[in-house]
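What follows is a set of structures to go through.
Below, chain A partners chain B and then partners chain C, in two separate complexes.
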Partner chain A sequence: MKMKNKSTWFSRKTLSIAATVMACGALSTGAMGAGAGLSSSEVDAPTLRRLTAQQYQRMIADLFGPDVKIAGRFEPVQRQGGLLEVGTSTVGLTSSGLEQYDAIARGVAAEALDAEHRNVLMPCKPAAENAPDQACAQQFFNFVGPHLYRRPLTTEELSVQVDLATDAAKNLKSFYRGLELSLASMLVQPQFIYRQERVVPVKGTPGRFELDAYSKASRLSFFFWDAAPDEQLLAAAKTGKLDSAKGIAQEVDRLLASPRLEDGMRAFFSDMLGFSEFDTLAKDAALYPNYTRQVAEDAREQTYRTIVNHLINEKGDYRGLFTTRKTFLTPILGSMYQVPIAHKSPNGYPETAWAAHEYPEGDPRVGILTQMSFVSLHSHPGRTSPTLRGKALREMIMCQRVPDPPGAVEFTVVQDTSNPLYKTARDRLNAHATEAMCTGCHKITDPMGLALENFDSDGAFRTTENGVTLDTSGTLDRASFVDAPSLGKAVHDNPAITMCLVNRLTSYSLGRGPAKSEAAWVKSLNEAFATQGYRVPDLMRTIATSPEFYQVSVSQPE
Partner chain B sequence: MTYSLNRRSILRGMMGGTAVAVGLPLLDIFLDSNGEALADGGPLPKCFVSWFQGLGYAPGHWEPKTVGPNYDFGVHLRALTPLKSKINIFSGMKIYMDSFPANAHSSGPQGILQGGLADPSLPSLDQIIADAVGTRTRFRSMEVACDGSTEAYSRRSATAINAPENDPAKLYARIFGPDFKDPNAADFTPDPVVMARKSVLSTIRDKREKLVKHIGAADKARMDEHFTALRALENRLAIELEKPAPLEACAIPQAVETPVKGRLITEARTCNQLMAALFAHAMACGQTHVGHLSFGGSLSNLRRAGSQQTFHMFSHEEQIDPALGYQKEFEWFSNQATEALLDFARAFESYKEGKGNLLDRSLIMYSTDSGYAKTHSLENLPMMTIGSAGGALKTGIHVQAKGDTVTRVGLTVQQAMGVSVGDWGTQSNNTSKTITEIVA
Partner chain C sequence: MALAHPNRYGRSTLTRRLAASALSAAAFFGLAAQTTASAETRDFVVRWFMQAANSYADNSDCPEGLNPLPEEMVRRQLKALGMPEGQREELIAGINGGSSPPEIREALVYRGRVNGEPVHAYTYPTSVPDLPELIPENKGPLAYGFNLDGKVKAGDFTDPDSMERGVDNAFWRAAGCLMNHRGTRTQRPTHGEQHWDLQRDKQPAWVVRVTADDLTKDGPVTVFFGRAMERPWRDANGDVRKYSTFRVDPDVRWQNKLTGTIKNGVINVTTDQMHLLGDPYVLVDLDLSKAHLRLTILPDGNLEGVIGGYLPWLTVFYEYGSSGYTSEFMIGVNLPAMYYALRRNADGYPDPKTGENTRISTAYRVNGAPAFLLTKDEESKLSSNK
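Entry: the complex of A and B
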């Protein structure tokens, strides 16, 4: 097919997921070196990305109001390359999944156009409420269409929605019911559910292609705000502002300066840290009666607030997330952490209010690894797991894949917490790791996990297990530590964590892992990150102002 | 916790531990003298359920000692004795690995339900059958999971995985909510809103080529899935616009209002009972003919209250009791699963239709992920079918294979359900040999 000088969709080259199969003795270097963790030899052409549940909800709230309900469930996305956002590039929809989308769409459309909301939403009033009004319907879809599809509707698309509204209004003898059905139909169409990107030739560089302006606007807004482009960004796309580096830089600065950056930061770290698992996390009520659903939700929120405060408010070094003593607590979390948080109701702030807290020197709660969210998420329902915690640290924060355990393994000694010979998890794991097939992997996961043994499965602090004082010493890639705070320092100093962050953030923004041909770009991002003092918003700016962020391969146009 | 379930009390007895007959009135005018066919001579449609429980059974302790009819259950399956005459057992079946690595707990379901390990994009058995028998029902199929999981073992392709419903209350609302049309209602008026919605969807489908232009080849399959799903929705609305054929045995249950979600085995048992009742009602009322229920996934985290260990942990970690010859705690969990399977089948058996019952025209297929969970073995996988699929299969038979591929069961089940297929499975798991011992 000959390239035409207009926006066109292209096929995406098959993503060759590098299956990193290795023995634990030779741990994958993941993000350890330049070019590592790259997924395919060429930059992929853009692909469809299905909106996440959070993005869907945010779009509806932004356009129709935060009180419009989303009643239904979204089909799950499979994590790829460590991120759900990458999984959205391959996931499809089943008929039962679409049935859910349809139910949600009908609910949203009905509420958005009910008597209460329509007065705010509608740009016009129909001539009569019991009959079609094509002109008013057209105004309506001209207004909502670009927000839902993240670009202006084509003439054909606009005409379809107006005709649908007209026919339905005629049949149902109601302008608003007709509009409602037509609006609901937009919400089940792929143009809404999937983020589609279009490419155009790069001006002045024959043979090279980049995203068109509206696709750039979408990439930017979902990256920084986890939301669809706002009016200003759509206007920037329309006026050609996003065609220039200067214009992009101005918009990036605006996105970074907005309070909505917090939404984007939360969305990224939620994905990177696997916080969607909180939705199904449960602790045994008999063993951990204090670990309620509210505690779990507050624990997740505590980590979000710590991250946002450190990275955005204080413009802190990313590595400092593992050594910071600053956090935020609710009264209920305070009781779990044994930190008194004042209740000031009824005349002060309510009991659920968050209070800033800084742990004193010498306190074991240092960095996000010691927070309840991390230690409770990576534990069994009824006991801790140094292996799960160490594995999570290696995989989520250092981008190093730890293989699954082999099939025929004798675990009995690990699990029997009542065995008088092995009173602590360290004793049990040492006995277990005498099996040759287990030793390699446990060496790379357990030491860090054992350093967190002071924190029980529900996050509560403890110094002993079965009456024996816990030994929390160990090494991480030759750096020694004696307890959780010094583990935090070892993690802080490990170069894998910053390279991993660059890899994850780049993958998150692109919806795919960086390609081998982008190795030089990734290397330059790592260098820039270091120069910028490992400040994440600065790294986001560097990514989003790079030409590579918008360039695509079009070797197989269709 | 109270469950207000159903005016015919299908579950009232089951909640107490034993199933009760439904005893619904039947107007013979709609059914033939045997109660097993519609008055126009056509048989009542066949129904299929794929019932899954990960981790299987301890080898050597579930297989009947004798082959053919009148077998005796192995100790781990004895709970199924009340339905023995309806149950076929297949032992000695395996999944051929070919050149593919064994993936601890996922190769088993893939081999059994997708016909081998070569192509993870193939549809699962329930979806193949839904294509044959589910196109004229409101719901092509229903998928549920009782262990709180967001994933089960039903899929259209590698990227289109049916998300299971976890909450019986929500499944109730989906089936018997405001859009449900009682097939036995005297009056029927097509809903103008449904007519308008169908018209809207038809238009979108007709305009597809213009609406979604320039889609690349790699994404085309995903768009095909999307429009197939839209068509299924349109089809459902078309069905809602027709007066449904009377199904006198159809009883509308009362709403399930209390959410049931959790990972305790007791919660999963309750969920299974409620889901079984809803499946039975939905199938008797012609809302769907195909379902999938995952009682506990392959990495089953089902556990007892107050216990540190999950079912999955026990499978790997518990020592074999030298006196019993198997893992005692593991056996307790697997026995719970067996009783849950019995609960499920009895919900169908107790749903009377004329002189027979819903199970007579149904086929429930049990599958699991391993022949020996402790080692993730894919040899000697326990397999069972319950029901005759409307007389297509003989029942009450133990078939002892000698290393045959598991796909022989899947092929036989498909043919019994009316799927036009001569062979099934990939690479060494491809077979054209049905299990003739049970073909009626």
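Entry: the complex of A and C
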């Protein structure tokens, strides 16, 4: 009971500090121009981005070990400009959300400093384990601090953490418990939870600003690896290497050459393709018994692997993602695609072993649009949806906005798959589109979605619906197609998809949509992308080595 | 040419996909000389394999009734042990759902007597006097199975599907009035739902491959029954997942390479002996003598049929006996009575010394889901194709 009281005292104290610093952080950002009524996409301002759940997990794993558990869920982020990453720059934190961060932080700190982990993590040993040791605590925070805040701690920040550790160790008669509670308090500070970008004047150009070296390092590492800067990048920031174009180019090459580029690529495409929706995806088991949670997870992973293999391993053209026949399958996915995939291990475990697979010429599966991830994610639990699939293609792949349906629409005819008058989705949508208010939007979504009707809501192949052979022909911006493979070709040839990729990747890297003042830069990126044969890593290099990537506008304090 | 389940993919696409599997199918069966290049192959994973039930809705096939409910079975058993009524009812009053007073458990488990000393009733069932009234026999004229001995005798059944007379299914005679065995072709008995559910998760899958020149026409057919290296995966409803891939266990002891005929879409096969290794807790070894198979590939791509033959009756008993008191108390099957019933009804393969029959005729219902089977050769070929 005594212990509980002390913990409560500590909880109040650390949360109070966190709230105070967070308010200061918001104010300072506001002073820099990103707050107070201005949408971040309207100016090329620095951003204050909340770590995504994946970034949080990756930072904890990198610093404390991959076995340290993250027990809890973070508050959701609203998608903006087609990306959650952009949403992270405008999302706040509720008091209950902060409590959740606090609970997670306590769990992480306890595990990171338990007997098993502390021997690896600690840079020193305390003089006594049942008493404070300021020198050792200081060494500890000097080590973990720059990794958590992505910059060196200020003298004041270091002092706060050491004092907290000392006070707590005295009260709890345990050096490690004191350190643990102080570490937990760091994990709820805005300096950790938010990626704060700081600016400095551009040398020799009065009135212009750019990110400081540590902010540059963060932007680079989160862009390429979806992770905090490593030792080498922090060192590059410290030594001034990131102040020169040459130094930046060297670090960019290093980041691109690392296997961790795959993490960054996965994070970006997960965001762009809306894969967070898999967390709540479900199918009607009576209609689609083969679609299980494991299938959904493997379907998502299949697309990640296809993308990584095509873009990184094979250095492929981005447009080829829509026409590639190469993919990867697990035995359980093989059962969905009706492809024999042999288990590798002696008794068939683990179930998730992956095998490379190439669809033969003439196969209806071509490109990522025909993979289960896309067709099952953009379907209803009990039926397909050409409209949702077409909308996803327009919005996610082509960056075109499809208006939401008006409020007073009658959907019954579309939803009733048993109506003998309208046996296929095309029949039902044609009947529905006789309503004038619906026709316009359905014209821009449905043709592409109908081309994917050979793939049921669970992604399984079919040639008929209710006994009627499916008509999968249509047009996309005047390019005709007859089936999913030729739709893939039409998408491949559509210039909107590469422009969309440039827009999304730029927005993802900046945490905001490109500003009007950056139009010329974006145009040059599009040109470079084409010149480079639409190689995504090359585009990333071009973005990250552009001065525009680091330059910001800053409103002057009055 | 391989053709697998054209209901999902077009024939041409799957034909290409399975070319590797089909190419070595002939070698797999050791039938290279007989199998033409246009042979058609279908692979299946067994999704259901349990004694075939054919209960009448009005229970008229059980004129002596069904086995008593567990509480009543316990009452009668305790009475048979000579326990005074007052004590007996006091103990029975303590039964609460799935739990029973320890005194009941103790009394039933050690109710065997050898030289007056208590012994374990399930290990030594003959140490307990028979109570045949607890396992009423099935008297119905219809039961699934085959005429295994070629004779039409009193007590034989008629198969409700094939209408074959002289069907030998002494197991159904012995156990067909147990409540947990009651069922039909479409309504699965509780016993099977429970045991097969356990079995298929614990044991490597049982798999089937059917090959013929044209499975839609009358003619010769080969049927392979074997084991896989993997257990079957489940779908969202708990059933076996369709179109899964299984590597065939190369152990020849569990490879049954059979030949038969197709007539009017029905595959008929007979063989002297059939072996499938099962699960030690449920069915250790499906050791069928004079095995008969009657299988049909359904329009939806699934496999359905009946497999009959003679099983060692003691093996059948241990399917129940291994769960001991749980079987008795939860489902009301008096195990020593079951032992005597199976022994009494055993109808084949007499022991040369004692003359007592060692096997009992039976029939199993089998259902298969479409799957992909890979022999070692096929697996290698598939890998090299990639």
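Everything below uses one rule, namely that the second predicted complex is superposed on the first by the 507 of 558 C-alpha atoms of A that agree within 3 Å, B and C clash if a C-alpha of one lies under 4 Å from a C-alpha of the other, contacts with A are read in each partner's own complex, and residues count from 1 in each chain.
The rule is simple: a contact is a pair of C-beta atoms (placed from the backbone, for glycine too) under 8 Å apart; a residue touches a chain by one contact, two chains touch by 3 or more.
What you see is a predicted model; the values in this text were computed from it and never measured.
Chain B and chain C, once both complexes are superposed via chain A, fit side by side.
Once the two complexes are overlaid on the shared chain, A:356 sits against chain C while remaining clear of chain B.
Shared-chain residue A:119: touches no atom of chain B or chain C. When the two complexes are overlaid on their common chain A, residue A:168 makes contact with chain B while staying clear of chain C. Touch criterion met: A:91 reaches chain B, while chain C stays clear of it. Of the two partner chains, chain B is the only one that A:160 touches; chain C does not reach it. Greater residue coverage of chain A by touch, when chain B is weighed against chain C, goes to B. Contact with chain C, but none with chain B, is seen for A:335 once the two complexes are overlaid on the shared chain.
By the touch criterion stated above, A:469 is placed in contact with neither chain B nor chain C. Using the contact criterion defined above for the overlaid structures, shared-chain residue A:285 touches chain B and also reaches chain C.
Per the superposed model, the minimal spacing between any CA atom of chain B and any CA atom of chain C is 12 Å. Within chain A, the residues touching chain B in one complex and chain C in the other are 285-286. Residues 8-14, 45, 47-48, 73-76, 78, 90-100, 102, 156-157, 160, 163-164, 167-168, 171-172, 177-178, 181-182, 184-185, 188-191, 193-194, 280, 282, 284-287, 380-383, 404, 407-409, 411-412, 414-415, 417, 556, 558 of chain A are the ones touching chain B in the complex.
Interface of chain B with chain A (complex): residues 102, 104, 139-143, 148-151, 155-157, 159-163, 174, 192-193, 195-197, 199-201, 203-204, 207, 210-219, 221-223, 225-226, 228-230, 232-233, 236, 262-263, 301, 303, 305-310, 313, 316-319, 374-376. Against chain C, in their complex, chain A makes its touches with residues 283, 285-286, 288-292, 331-332, 334-336, 338-343, 346-348, 351, 355-358, 360, 362-364, 460-463.
For chain C in complex with chain A, the touching residues are 4-5, 8-10, 12-14, 16-18, 21, 204, 228-231, 233-237, 239, 241-245, 247, 372, 374, 379, 382-383, 386.
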